[in-house]
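Which chain is which? They are A, B and C, in the order written, and residues in each are numbered from 1.
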Amino acid sequence: MAIISFDSIIKDYKTGFRKKKTALKDFSLGIHEGEVFGFLGPNGAGKSTAIKILLNLIFPTHGRAEILGKGVGDKGIRRFIGYLPENPYFYDYLNPLELLKFAGKTSGVDSMKIQERTEELLNTVGLWNERKRAIRNYSKGMVQRTGLALALIHDPKIVILDEPMTGLDPIGRRHVIDMILKLKSEGKTIFFSSHILQDIERVCDRIGILVNGVLVRVIDIKSEPLGKPLEDIFIEETEKAGRAKE
Amino acid sequence: MIAIWSVASITFKEGIKNRVIFGIFIIALLLFAATTVVTTLFMRDIVKVAVDLSLSTVSFSGLLTLLFVGVNLFGKDLDKRTIYMVISRPISRSEYLIGKFFGLVMLSLTVVVFLGILSALPVIISKNFYYYSEARFNWLIFFLAVVYIFVKLAVVSSVITLFASLTSNSFIALVLSLVTYIIGQSTESVRLLLASQVEKIEVSPVVSYMVDAAYYIFPNFSAFDLKTQAAHGLSISPSYILWTGLYAVFYITVAVAIGTLAFRRREFP
Amino acid sequence: MRSLVISILLISFAVIGNVFALNAVSLEREKLRKEEGISLVMPSAVARIAALEFKGIFADIIFSRAMTYYGGKLIRKEEMTGEEWDWIYKNMALATDLDNYFLDPYYFGAMNLSWGANKVKEANALLEKAVKYRDWDWTIPFYLGFNHFYFLQDNEKASFYLMESAKREISGSLIATLAARLAYQGRRTENAVIFLEEILKKTDDNTIRNSYEMRLNTLKGIFFLEKAVAVYQDRFKKQTEGLDELVAKGIITAIPKDPYGGKFYIDKDGSIKTTSEMR
């Protein structure tokens, strides 16, 4: 039984008068409870599109997406989801404390717990000393770190991260890897997209490669060794899909 | 409820920390100071001039706050996608919109309370400077007019909420809100004009139907304008308060409800 | 370093140039103003729409602009032309259309148009509007009454407005007296009686009450006789020869007494008067 499931999803974006761009083409995928799933694909493949459908930010043109056995339109399930958007942007006159309070409150966490988690998370992402500064004075990486803390404030069962490492320094990237491993050890399900192959290889149970809106390959790296570098597989799959299109 | 309240309070916090608000407050204080100087140029009805200027300052500052800070609060959410951090939580699109509206209302309330209290100062000063014996002034009506400025701003907030939910661009929402404000301020006068001059100039029935339609579609902001009453201490009946209050509540309900309908199917790609 | 010097020089040059140019502009504007004279006055209906919620401020601005114009003329010791007075009147009318209760334009317009410009009709038009809106203010009908009495020699109207004024002004014994006298001479006896009764209701002070009551009783006597004369004329279709005739023909039983100690008589114009003249 998959905890996250995409069922034959087609997503068209309107790009002009009677023009459209199909970002996902009959996309189906199931992610199991407790696994770490890495989502790969070239720029514009449709990774963020798939993730936004899970958060009900956009609606599939056809098909159905479910989380915990319920349609993604059910707002109740979002209590159990932690989400980090790509290039996150927050209310920037506020500081992380205020943002985390908002995020915790709305996700049903009580005030005591919010304070506890806030201190813990801001220490993990290394922003505790900067906690009273408004986000507008933060660097790109600091904003990204704030986003990670926000995604985890309510101790979600399912963590969905869209390119969590972008903009982070090597130490920050290391922190994210550690964090993902820790979450996995706690039994959380993690679904994340990334362009950094070695990180994906290090933490993932399974990897999905999406090219041009089509899921071309899913590899279970825990049971079937890759045999060659992930980079080679990625390029191979991308080119194969490119040729098929022609 | 928690969802709506949380959205409202984070919207309010984000708005009140905006530097534009600070600028608006400074302008308001300067206008209050100018009021005390300007009133000395008049002969008898000095308190009236002071009330005109200070209440207009409160109203104008509230309006600036909503149009420049309030619209932008929506604009940032939709243009820069700060809305992701809201609706990726257990918050529906309707709750988001209603919360946002209440955030704007809280922002207006703060501006009106703060400036409304300060606006009494120029009036007190001019009253001590010269109070003509046949002038009438009443603090109760003065502060009632301040309350009505808030009511008007609440209606403006609902209009902004509606346009933000209908348009994809915050600049268009700003322009539409501004146009609505201007039309809403003048429909009553235009209607009176048509009613009073029917014999003198030929008004085609189409025009008068259009004016009537506009009167019902756009908020009648004149109903919330008690500045003249405050300036001359004219009494206001309880039924006036009842009906204008109900009118505001109904108008806001309609505007926000239409907004949530439009927003329910809105995508944020 | 060099660019800094150049910038500073440029700014200094521009600032000086700016001051010079602005002075020249002021002069040019002055000429322009003289040529264009007085500007058109916006129709009230348009102004009410254009002013949005700031009608009060608009009224303030329009009023003070006209006042400044008038003040400038006074300072330069220039005569106002009839056209300019009309302009002043239109501005005051506009200001009071924007704020119906605004005293200053009523007052300024009424005083200057009647005394300064001999445009009593316009002055009274403003004051009549003021009487309607500022319905608590005794000064407005007082001025209006005065204008009717002094400029138009219309005692009847004057008395009417003075009564209105006295009704509004609670302790105004003077106005009341004046109004009563005008009313008496203007054959509006009945109004004067009603008016004095009204005033009496509002007066607590005993000496003032006494003087009112005396005046009231006299007027009541006159009113009583006026009615009797009317009945007489109605019945006999001819003029009354004297008040005794009324008693003789049984229309009244006796001629009332004048509290001032005078005697009532029928004047040549047919009105009832008293030899005491209510003094």
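Details
Heads up, the rule we're going with is that contacts are C-beta pairs under 8 Å (C-beta built on N, C-alpha and C of every residue); 3 or more make two chains touch, one makes a residue touch a chain.
Predicted, not measured: the structure shown is a model, and the values here were computed from it.
Seen from the Cα centre of chain C, the chain whose own Cα centre is farthest off is A. Think of the whole protein's Cα atoms as having one middle point; the chain whose own Cα middle lies nearest to it is B. Averaged C-alpha coordinates put the centre of chain A at 80 Å from the centre of chain C.
Each chain gets one centre point, the mean of its Cα atoms, and the points for chain B and chain C are 39 Å apart. Of all residues in chain A, those touching chain B in their complex are 13, 49, 52, 55-59, 75-79, 81, 83, 85, 88-91, 93-94, 98-99, 102-103, 105-108, 134, 150. Residue ranges on chain B touching chain C, taken from their complex, read 38, 41-45, 48-49, 51-53, 55-56, 59-60, 132, 134-136, 182, 185-186, 189-190, 192-193, 196-197, 221-222, 225, 227-228, 231-232, 234. Those residues of chain B lying in contact with chain A across their complex are 2-3, 6-7, 9-10, 13-14, 17-18, 76, 80-82, 84-92, 265, 267-269. Taken together, the chain C residues at the contact with chain B in this complex read 45, 48-50, 52-57, 59-60, 63-64, 99-104, 107-108, 134, 136-139.
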